[in-house]
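Structures incoming, each one as structure tokens.
The same subunit A turns up in both complexes below, where it pairs with subunit B and then with subunit C.
Right, the complex of A and B next:
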């Protein structure tokens, strides 16, 4: 094991740039999939007959596919039909599709967990369906969704490492490049990368705890 | 003039007929108590009056809105017909004050100040002015139900529907809620009340509707006479069981 050789400034800086890519991919995918997931979840919840059933069908398909397959599809498959992405965009595309489907189910079940009496009261009070959703059901459902949403985000941050396979220069891929030079770097680099993923995800769950407490008060 | 008018109304869930051939006219300002055994269709009948339950047969007109027409704008009707539920259903994510001001602000487009002033007056009327900034979960059942009545009144409705408003309450709390309902009754409000409170039905009501198996068996404009001796044997049997113990 060569700790000092593994932890040179050049290597650390190289990994840091990888972390930056991991964070960018994660944040952009989280924002996009939250928007699409919420919209799809609300459509599922609303039971707009055929539309909801169709969304449910798509969501079920995506949820039951391996993420790696979706990643391959967006990077290798889509160019076959003339849609070309950079590595970065292909990764975001794949993660957004997969996470949107996962989040749609979380949104749907969170909304369905809100007591039906709340909807009846709001509708009887003269609010429209959308107003009821906006002021009453969604805010109450959101409280119930925070924990599962955050564990989904944590999965996403970890899953970004799969994009190594399409050579996205993220934290994981750069780690491979470094220990590829010298196997004595392997364990020190693994430990450093593991610690980095841990810190990022742990901060995310602390933040979630903070939001959860704020919402409950 | 009748505010609520049922003509040969029926409602079924699959094979089960929840309402059968209902004919009923309720006039502006009337206090109508609907009584009867569990599963007799009382709540279903009440819930058709603001479209929470759809009807399958006949015609139902509430405040000039034809609820048998699928194209009716139900939100317009609900502005004018309030509802108070057995389990209160206050908005859990809103304070007491927000519970009362939400619909006036959003639906009636009142400005916040005006809505809050009106809400404070209503809170004073139901005796809960000091609870304005609490959340529903911090209040007792009886207090929550009084807030629910205030929330309905804030829309300045023509009628309020009460679905067993005291059934989920501790006995000690019932009196406070009934007092508020009596006060509302004194303001010339049309009230339709599904209830097991026979005292309220007799003292405050103008009219008794007795239901069983989805039908109106007796419709009396003289509650005191009804409670002395109902005409229908089924109603006699019901009352002897309810009042007899």
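Right, the complex of A and C next:
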């Protein structure tokens, strides 16, 4: 084990840049998949004949596939049918598809957990369906969704490490580059990388607990 | 697509078997580990509570890939030689056990305190009351979330592709790189994964509905 050799400024800076890529990928995918997930979840909740069932079927398919398969497909499969991505966009594409499906399910079950009487009362007071959704059902459902949504975000941050396999230069891939130079760097680098992921995700989960308590009071 | 299936059937089947096998190993292992750490988390002993909490928080918050690579690269170098399949399965077990511990803990807490008190006042020890009275009831409550963890486990077992674990995902890449039929190969493998996960996922949703109604 060579701690001082592993933790040189050059290596730490190199890893920090990797962390920055991990964070960028996570944040972009979180924003995109929240938008798509909310839309898909609402479509599925709304029971528009055939459309909702079809969306539900697609969502279920994506949810039940390994993320790694989707990642491989978007990086190695899509170019064969003429769609070419950089590693960065391929990763975002794959994570967004997968997370949108996961979030759609969270949104749907959150909305369905809201008492049906709320919708009926709002409708009979003259609100349109979309107004009911926007002002009555969604705000109440959101309270129940916060905890599962944040734990989904945490899994996303962890899952970004999978993009190492398509050589996205994220935290994990850069760690592999460093310990690939010298096996004595292995343990120090693994500890550092595990600790970094831990801190990022633990902060996220503390934040989720905080929001959850605020909403419940 | 049919030619790929015909020519690579043994490879696909081996992959499927390895995926199922590693998921089952990890399921059994993580149920045992998860129950132990759930008991730690609610134990009256402060040290045990701390160990349980630390275990769950650490392994829930670091990527599965990091855990698996530690078993694939670091452990063989310093302690004992293990192959990719075992490294992957052990990594999966540890990662999943942290989630299962949380599920089981929630299950135990949902069982009324009176059950434990009644068992204790009937002369059973703490562990006996846990094992014979509280845990059997808790397991019934947590079947749907455990099922969802198992679906995640099957999907996560694709991590074995990183460590040459010869699972379905690994075979997919090796078939894709020899036939150059990338999309068709991924389609076949995707369908195989869906055959494993979809029925389970619909059954769990059915169970959840049954319990809430």
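Assume the second predicted complex is superposed on the first by the 217 of 217 C-alpha atoms of A that agree within 3 Å, B and C clash if a C-alpha of one lies under 4 Å from a C-alpha of the other, contacts with A are read in each partner's own complex, and residues count from 1 in each chain.
The working rule: contacts are C-beta pairs under 8 Å (C-beta built on N, C-alpha and C of every residue); 3 or more make two chains touch, one makes a residue touch a chain.
If you're wondering where the values come from, they're calculated on a predicted model, not measured in any experiment.
Superposition model on subunit A: subunit B and subunit C are shown accommodated side by side without a clash.
In the overlay built on the shared chain, the residue A:178 is in contact with neither subunit B nor subunit C. Between subunit B and subunit C, more residues of subunit A are touched by C. In the superposition on chain A, A:194 makes contact with subunit C only, while subunit B stays out of contact range.
Residue contacts after overlaying the shared chain place A:146 against neither subunit B nor subunit C. Of the two partner chains placed by superposition, only subunit C is touched by A:164; subunit B is not. In the superposition on chain A, contact of A:76 is made with subunit C only, not with subunit B.
Within the superposed three-chain model, A:94 lies out of touch with both subunit B and subunit C [touch as defined at top]. Once the two complexes are laid over each other on the shared chain, residue contacts for A:67 go to subunit C alone; subunit B is not touched.
Taking the C-alpha centre of subunit A as the apex, the lines running to the C-alpha centres of subunit B and subunit C meet at 100 degrees, rounded to a multiple of 10. Contact with neither subunit B nor subunit C is seen for A:6 once the two complexes are overlaid on the shared chain. Following the chain A superposition, subunit B and subunit C show a smallest Cα-Cα distance of 19 angstrom.
For the contact definition in use here, the subunit B contact set and the subunit C contact set of subunit A share no residue. Listing the residues of subunit A that touch subunit C in their complex gives 60-61, 63-69, 72-73, 76-77, 80-81, 154, 158-159, 161-162, 164-165, 172, 179, 183, 186-187, 190, 193-194, 197-198, 201-202, 205.
For subunit A in complex with subunit B, the residues that touch the partner chain are 115, 117-118, 120-128, 131, 135-136, 139-140, 143. Put simply, subunit B touches subunit A in their complex at residues 50, 52, 75, 78-79, 81-83, 85, 87, 89-94, 102-103, 106-108, 148, 151-152, 155.
Listed in rising order, the residues of subunit C touching subunit A in the complex are 57-58, 60-66, 69-70, 73-74, 77-78, 151, 155-159, 161-162, 169, 172-173, 176, 182-183, 186, 189-190, 193-194, 197-198, 201-202.
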